[in-house]
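Sharing a structure below in structure tokens format, with a few things to ask.
In order of appearance the chains are A, B, C, D and E, and numbering begins at 1 in each one.
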């Protein structure tokens, strides 16, 4: 009757080893910061090693659920782990030269990044609403701090405040949603939702909507997006690169988990319509407002809002192929968006000031590599073929059409057209406008160069040879129960 | 029915508190007061969790609340630190006046 | 009408009233203090709902530690009364209030309706044992071990974060 | 190596320029002339490699030749599936001819970012060739869009004063059409999967699909819009004058020479055989729009005072004629249309090139800035005159054969009046082109600064001469070309007729 | 061994290629040798075929060379045809061509730079190529090659002095107006193909002749279209306006292209298609009326002009009108006969004019001339001979051909008598204005400047030699077609050309010849009319120094101005077509393209941006608003999803 006080099996340990690796690396960095600040320049390497180690453990971890069915190690989580890990790697790579430039190279940055990363990882792996919520909060708390990391810069502090207030507000709703679902299902496990007829219960619908809103907030889906532009603008760019990609993917997976459990009989029409509306609103608002942006980071924020609108297509279709498509899309989005932010980090000299697009004028000549990668990333975000972005949209639109969601597909197409307007505007400034700043930008740091090269290679690689990724994503998606294909 | 208290009553109280919290978060301009309201929202959720737990006859509700309190504490620490950091720049925590980042 | 019911109702009423005061008040200090009272009242509710341990936590951690921290920061920042809005832009207020009313209507309506239904538990814990701290602890270290570990990281992150943000620059 | 050239000739052709572009990346920035020379060398090699297509092309075989097929995204039945028939053969050769011509012309004129310019151009060539040989719709779409990017850069970086507006307009216009086509392609593949259980984007598989009236109409319109914008068909043409005018000369040559043709090509290869029923129903629209294009383009061209703009509008007019020929859908008119695409590529390419010769020396395209310069630049004048004559369809040069076949073929179709109306282009083209010649090369010499004009340089001359030789060749021996077009046209007609017939027997028509 | 026909056009083509490609680097003498050599060679080659042909049975020879365009059921061969009609054309095209090449040596010698000289000869050779192709073609498309080719040469040569705006404009005008005609020709060809399934003469005409009933319904339209082509090329009303302007070209060009050969291509074409035309009697009538009207109209204008070449140009138009009149009344052979005689005397006139112009330092105003007879005897005598020929004074060439036309019209049914009368009147006009030239130019006192007077001299031998030859021809050429009154076999040309008027099933070609008496009478009348025209002109201009006509002009100022201004047809066209077209072009561009299409597009793009710019400000920077939008979004979702439950 009395359970062992600590039930901690070897399987549990192996399953959680990746997260432990991250937590410990963070601690180690902090310890070094405190006791051997001379070793600062190794922080990035250490952090990379931590991420690499965590990925190693993740790949090695035995498949299956652990912690009494509350923690998942499946092809889906491994694939998402790779996705998140890649985002972390890129963020760390660009963080090093970035922090060096700004003189803010502190161990806390890496530690918080790693812990935030841990939180995101929990979000993808948790089979328990509470775990997911804790992961979400870990992520949020770390990134509230990272948003305000440049304490000497008012904008950064303001970003911290805005992110914190909206984030906490959103979390409260998520929490209330968790509470409702807990009450309705009798437990925190997601699988508990998979009881026939439960999805018709008003409390469950209410709770699911609150979760949708809460995670939608993290994904910056309109109208829950308003924080994103301000926060992106004030936040240190490497942290944005991570924040604009990883939590969004994890949120989608969490939503998928919850929905696939709750909607075993298929998504109710009203729900689907609501998601379609969100998708269209998000795409349209994001794209149209992005047209009017003057700051590259805000522009990318709105572009991200629009991109998440495309992702919502997947949720509206709601099926195995749709999830696979979303995963492919996220991989593409990772390479393109993180690449774009990496290029932005490399192309602007003064990090503490705003990043007007106009300053990029002539960058094509001043800093050809970074500019070329930025252009490539933007084309990928625009969905031009032979880039990863196109492949992502290809599968999403395919899923929408298969499901018969023609209006959604058409809206997506119309939005793609609008988006080209601002993506090309940046490209135009990069290459076709005479520079306003005659002096050369800082030379590209090796880490930046590497990050950019990685992104470019990924964009083209996935863009030209997408079949492996698609196969893997589809298999991963198959680990969730779905009513349909 | 928990003892003599119907679950729906608990939930109604929780819902009322939650709504009051939202109202505060939306209507106040002082960041600290906004944050207080958010704390209230979380407490409303806690009440619901406790109520549900009791009604279900499980301790899980309490466990969740336990974690939520921990999270709320952590959030408070970070949030207040953010307010302090911002206050050094702006000398105010009236969010109406904090709009460097916009448009 | 049992005594428990009466106490719960009174405590709930107090919680609601003081929460309302917290929201209405312009003086932040008074708001904090109202919330302290509300949280105490909630703690009473928790007790009535068979969760004495959580009630204790509520008093110690929430009302005690967290809200005091708020007060402390308020004092530190020396924030005065919120000034009435100068510009007549009531849109936030009007829309916000209306939205809250709609939301409350929906939520409370749901709870009054079928929303308060819960599944019949398979093997419910006896009401008297629900709040048993030892049992809670056991649960915490068995089923919720993972959560516990995760929260430890969360707390660590919060600690470091608060430190990063609030410390004074040593050099400048 | 030999195997590569014999069995994978098309792949070599498609990817050789890109490989060259890749190598260019490793050229140091300062190696300007090396980059130029290298790009020209690559394009000339490409031309040399493409010549066996002409000689090895089997005139008796109606279907696709030089086929290659490799799985690409096997889960969706998307494959790297390429092949060549008479229609694409000619356009491929046109591309491989015009690319070195453009690069050769640019040799002495592009000074800014030469390496990037050469690189972009080579990538563009890959895009064009790829779209021409792709037999898989997904593959086609990829190449089709890939073309846009380099062209956007070519206009945007090396273009004229309004290049930004022009490049943006070009990109958005083209994209607007092709995005709908993208949905249509996806939809068809999904339908194919639903009907057969197998995923496929292969053209030949999708040919076999039959759609009901409304669906077919919508799909057809999606395709047709994409291609109509590219052609461009009135009233979707307004990107063209801007793009042509602002593009650097080499860009204009390629735009007019190849890119516009891809619209017509796409229509013939995809829209028509995939949706013959809808295409038949919409053929009258096509014809009418073609007629409007002919007359409208010619009229507006007459009003221009910018040389390149004038030539650009002349393209609208000429392509209108091509559209008429396709709308009429007779063997003769189709063959004529295809031939006319080549002709237009040569003559308009040459016109742009020669306008470029003047522009590079005087830096203005205003017609009024010239006048009476025939005596100063006699060789340029002569070449320009020949190109003009080709453009206005003087018999003995290539333009006439195409026009004649289109009009005669259309006359023998039920839509006789299209031919009658389209033939007025014969008059109007003479009006605007000869006015141009008169105002630029003839008339009294007024502008002193034109005294300094130098005549065409050897590199420019070679580029132009190649085109002129081809003009004369096609004009005198059109059968060399027509023999290659004809079987493919007949096959196309047969396929369409068969599909229409089967649709009739099934009673699929609403 | 006979020379293949295809060699004929190729010879001048080679000449063109040499002079055209290398001309700028060659010396004038070499250019001359190549240019004239090609012309001479082609003349020799042509006669080497013509002589056996005329002496043989002159049955049609068709020599296919190679397939040119073959698509579907269309098959166009490059094949050439020698029959009496093409033989006739060939005979004078090559000969006159050669003469004018020779004349041009002298004329162009100091007219141009080395490059220009080579260019000129290159164009002339190219013209010969195109004209020979036109004449020898066996199919409509091949004829069209030549047809457009001569148009091109006309364009190039009219615009030879490219730096003179009027010359450049005239060249363009010539081409464009011709193109209007060509449009008709093209449609005609399409009609022919659609009706007969072929474009080869032999097939088309054979089918038409054998089953006239099957085809005649379509033929009216076809013939009308074809005639439109002829109207353009042969400068008939209403498309004649280019020809007077075309005089801006060097005079040899005017002589060769705009008088002797190219402009008669329309007549040639109509004659070539006589089978078709004869099956469309309404069109025949139309042809006749147009021809007749043009003859009168152009003749009228010519009376009031003062530019030597312009007068000759209007005279050419007028004479071409006669030819069409002949065709229209069914007298195709007569029309062709006039083509031939006209080629001789009009070429002679133009070359004479060139000689005068040469002497007058390029002044062409006949009011400045006078008394050149003495200084330029050869020019005078040859010019006089040609004038008499065109005026229809026996026994000069024009008399026979023109008289035959008048006779044919007279005997034509329907409007025949009217046509005859107008033709007759025009003949009088012709005689009048032609002798007005002679009087003003060669008689009386010199009225030009001193320098001109000093400069006036007879032309060099290279110029006078062709003049003499052509002058002689103006005298004798007509003897080939003596009227029937001179004997059964007096007319050589008629029976020679007879085979081209192939019989049509069901149509009897034979008609009653005019009684000899009537014929004599008609001849007498026309001679009288011509003579009185001559006399009047001589009296007014040579004797009285132009006082009478000046008085006449003064008493009808409006009418005179109208005629002197060529009825202001150019101005009319300008108002009716040129300006509206330019206006339309501008309007379409500025309104449809820029305002409407681009306007809509730019406006929608702008609108989207505007919306974006507006929505941008929803991002107020105030975090409370963000919370509110979040919350409102949630409520909307709840209302939508939960509200429905």
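Quick note on the criterion: contacts are C-beta pairs under 8 Å (C-beta built on N, C-alpha and C of every residue); 3 or more make two chains touch, one makes a residue touch a chain.
Everything quoted here is computed from the prediction, not taken from an experiment.
Q: Looking at the contacts, which chains touch chain C and chain E alike?
A: A, B
Q: State the smallest step count from chain B to chain E, taking one step as a move to a touching chain.
A: 1
Q: Just grab the chain with the largest centre-to-centre distance to chain C, centres being mean Cα coordinates.
A: The most remote chain is E.
Q: Ranking chain pairs by how many C-beta pairs touch, which one is first?
A: Chain pair with the maximum contact count: B-C.
Q: If I average the C-alpha coordinates per chain and also across every protein chain shown, which chain's average lies closest to the global one?
A: D
Q: Return the distance between the CA-based centres of chain C and chain D, expressed in whole Å.
A: Result: the chain centres lie 70 Å from each other.
Q: Quick check: how many Å separate the C-alpha centres of chain B and chain D?
A: That pair's centroid distance is 65 Å.
Q: Using CA atom averages as chain centres, what separation in Å is found between chain A and chain D?
A: 43
Q: How many angstrom lie between the centres of chain A and chain C, each centre taken as the mean Cα position?
A: A distance of 30 Å separates the two centres.
Q: Where does chain A touch two or more other chains at once, residue-wise?
A: Within chain A, residues 130, 134, 137, 141, 144-145, 148, 151, 160-162, 165, 169, 173, 180, 183, 186, 202, 206, 229-230, 421 contact more than one other chain.
Q: Identify all positions of chain E at which a residue touches two or more other chains, and write them in rising order.
A: Residues 605, 616, 619, 621-625, 627-628, 631-632, 634, 638, 642 of chain E each touch two or more of the other chains.
Q: Spell out, as numbers or ranges, the residues of chain C touching 2 or more other chains.
A: Within chain C, residues 92, 96, 99-100, 103, 106-107, 110, 115-116, 118-119, 121, 144, 147, 151, 154, 157-158, 161-165 contact more than one other chain.
Q: Name the touching chain pairs, would you?
A: The complete list of chain pairs in contact reads A-B, A-C, A-D, A-E, B-C, B-E, C-E, D-E.
Q: Quick check: in the complex, which residue numbers of chain E touch chain A?
A: Going by the criterion above, the answer is residues 605, 608-609, 611-613, 615-616, 619, 621, 623, 625-627, 629-630, 632-634, 636-638, 640-642, 644-645.
Q: Give the list of chain C residues in touch with chain A in this complex.
A: 106-107, 110, 113-119, 121, 138, 141-147, 149-151, 153-154, 156-158, 160-165, 169
Q: Could you list, by residue number, the parts of chain E that touch chain C in their complex?
A: Residues 622, 624-625, 628, 631-632, 634-635, 638-639, 642-643 of chain E touch chain C in their complex.
Q: Considering only the defined contacts, which chain C positions touch chain B in the complex?
A: These residues of chain C touch chain B: 1-2, 4-5, 8-9, 12, 15-16, 19-20, 22-23, 28, 31-32, 35, 38-39, 42, 45-46, 48-51, 53-54, 57-58, 61-62, 65-66, 69-70, 73-74, 76-77, 79, 82-83, 85, 92-93, 96-97, 99-100, 103-104, 107-108, 111-112, 115-116, 118-119, 121, 124-127, 130-132, 135-136, 139-140, 144, 147, 151, 154-155, 157-159, 161-166.
Q: Which residues of chain D touch chain A once you look at their complex with the stated criterion?
A: Residue list for chain D touching chain A: 29, 72-76, 113, 138, 141-146, 148-149, 152-153, 156-157, 163-164, 167-168, 171-172, 175-176, 179-180, 182-183, 186-187, 189-190.
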